[in-house]
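We call the chains A, B, C and D, going by the order they appear; numbering starts again at 1 in every chain.
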Amino acid sequence: MPNDRLVNETSFHVRYAETDSMGVVHHAVYLVWFEEGRSAYIREHGWSYADIERAGYFLAAGDLNAKYRRAARYDQRITVKTWIEDVRSRTMTFGCEIIEAKTEAVLFEASLKLICLNASGEITRIPNAWMAWLSPQAGEA
Amino acid sequence: MPNDRLVNETSFHVRYAETDSMGVVHHAVYLVWFEEGRSAYIREHGWSYADIERAGYFLAAGDLNAKYRRAARYDQRITVKTWIEDVRSRTMTFGCEIIEAKTEAVLFEASLKLICLNASGEITRIPNAWMAWLSPQAGEA
Amino acid sequence: MPNDRLVNETSFHVRYAETDSMGVVHHAVYLVWFEEGRSAYIREHGWSYADIERAGYFLAAGDLNAKYRRAARYDQRITVKTWIEDVRSRTMTFGCEIIEAKTEAVLFEASLKLICLNASGEITRIPNAWMAWLSPQAGEA
Amino acid sequence: MPNDRLVNETSFHVRYAETDSMGVVHHAVYLVWFEEGRSAYIREHGWSYADIERAGYFLAAGDLNAKYRRAARYDQRITVKTWIEDVRSRTMTFGCEIIEAKTEAVLFEASLKLICLNASGEITRIPNAWMAWLSPQAGEA
């Protein structure tokens, strides 16, 4: 986890619906939690990803790298730590670390590159207004 | 299950992600299967619910009544039987029965009223072209 | 919503993954939120549904009645209000009302009967220790 | 996609519940489809992953690498191609390619390392009986 930039933390309990027959959280759920971490990151800055879509832009998933470390279980308190790893003209990469809040055991680590699309689904430059806001968050300013 | 009208049957295996810690399929998943039953029903008639949306209409969930009878488990073969219970000017009600294909044990029964909305989200009449097609399916013609 | 008994309130933001192509929250998600309301209800009393399972009991879904009132959208703040409607020797019924926190618009109302099962999946009496705790919550004491 | 080993293909329609506000399939859903591909792979060989669990073993997610290529939409026919990339004493790696069946456009590519656990959640050797079956599938025999 980087120490030179903003890291958002958001917490919630594991929902029963998020578990599977193995008695632990299903592995696809971590992507939903990571996404909620990105939502919380943007929300912390007074924006909403909904504003981005209303402005006619979408962030589509590109490359994903993830490591599953330990299993989470129903009703545990989870903390998602989310940061911006990199911003380019047409892409941005978020990183996350998901821990069990009580023991601070690391459950999951991942990075996901998002690609900026316009309303027609074409790859496009991230708007300047947004770029100006993003770059310092990435520790580049 | 009605014997006076068309009943669509669609089958698939229980996915691992659909189970929960209890070792059985999570109860919210049956709504997803019922919805897939409605998709298959429409598909069987050479339409797609996607066509309906492209024409500027949406079917929003209204009243739901459901009975959970028996639990489904990972990898079982499931059959969803879907029919139209009722069609009104602005609503239509689908019924379903979900069974385990091998034993034919009934797992779930439900009816869901859908409300026709226009692109502004207002309740609106079901288009005539569609109405003409739906009514006989409901056994009214 | 009853005014003679305990009502738990738990709040969270709508996750992006919970939306569908209609631009609103998918109707199956409300069952997941209702379930999280029941988890929060039990948690508020110092228990966890996980304790119940560790003691060898399960609560399986039985009859469900639900009304969808208005659509929720991504990033809205949601409040789930949950209470116990009824407790019998082998079943208990929870009620819920889900609102959009800012406008207090009612989105969803439902009641769900849960059936007490033992580890073999047989219907069984709700344990006394638990019964003693549940009944007053239902406003019966 | 490898041409020196068995590749399982399984197909289904995109469910409405799998889409999100962007009008396309949510990125976490591809992990559910990949998992269903692994289930189908095992099923094709007359086994079920359920048998593995009944024998007291679990396959837990480890490292995941994925590339999202194009978006899938509601009601499209999807084909998941699944194969074994590698088998070691305690881990096995599956690969997948997910395509839109009609156009054969590649939507998603991924590899996922699974770790063999015993009933106590400890990393353990893959049982010999299973190993004998797996290795040739990986094109090593």
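A few remarks follow.
What we mean here is this: a contact is a pair of C-beta atoms (placed from the backbone, for glycine too) under 8 Å apart; a residue touches a chain by one contact, two chains touch by 3 or more.
Quantities reported herein were computed from a predicted structural model and do not represent experimental measurements.
Farthest from chain B, judged by the mean position of CA atoms in each chain, is A. One rotation lays the C-alpha atoms of chain A on chain B, and its angle is 180 degrees to the nearest 5.
Chain pair with the larger contact count among C-D and A-C is A-C, by C-beta pairs in contact. Centre-to-centre separation between chain C and chain D, using Cα means, comes to 34 Å.
Centroids of chain A and chain C (each the mean of its C-alpha atoms) stand 28 Å apart.
Among the residues of chain C, those touching two or more other chains are numbered 16-17, 21, 24, 28, 31-32, 35, 73-74.
Across the interface of their complex, chain D is touched by residues 21-22, 24, 27-29, 31-32, 35, 53, 58, 60-68, 71, 121 of chain A. Partner chain C is touched in their complex by these residues of chain D: 16-17, 19-21, 23-24, 26, 28, 73-74.
Within the complex, the chain A residues that touch chain C are 12-13, 15-17, 31-32, 35-36, 39-40, 43, 48-50, 73-75.
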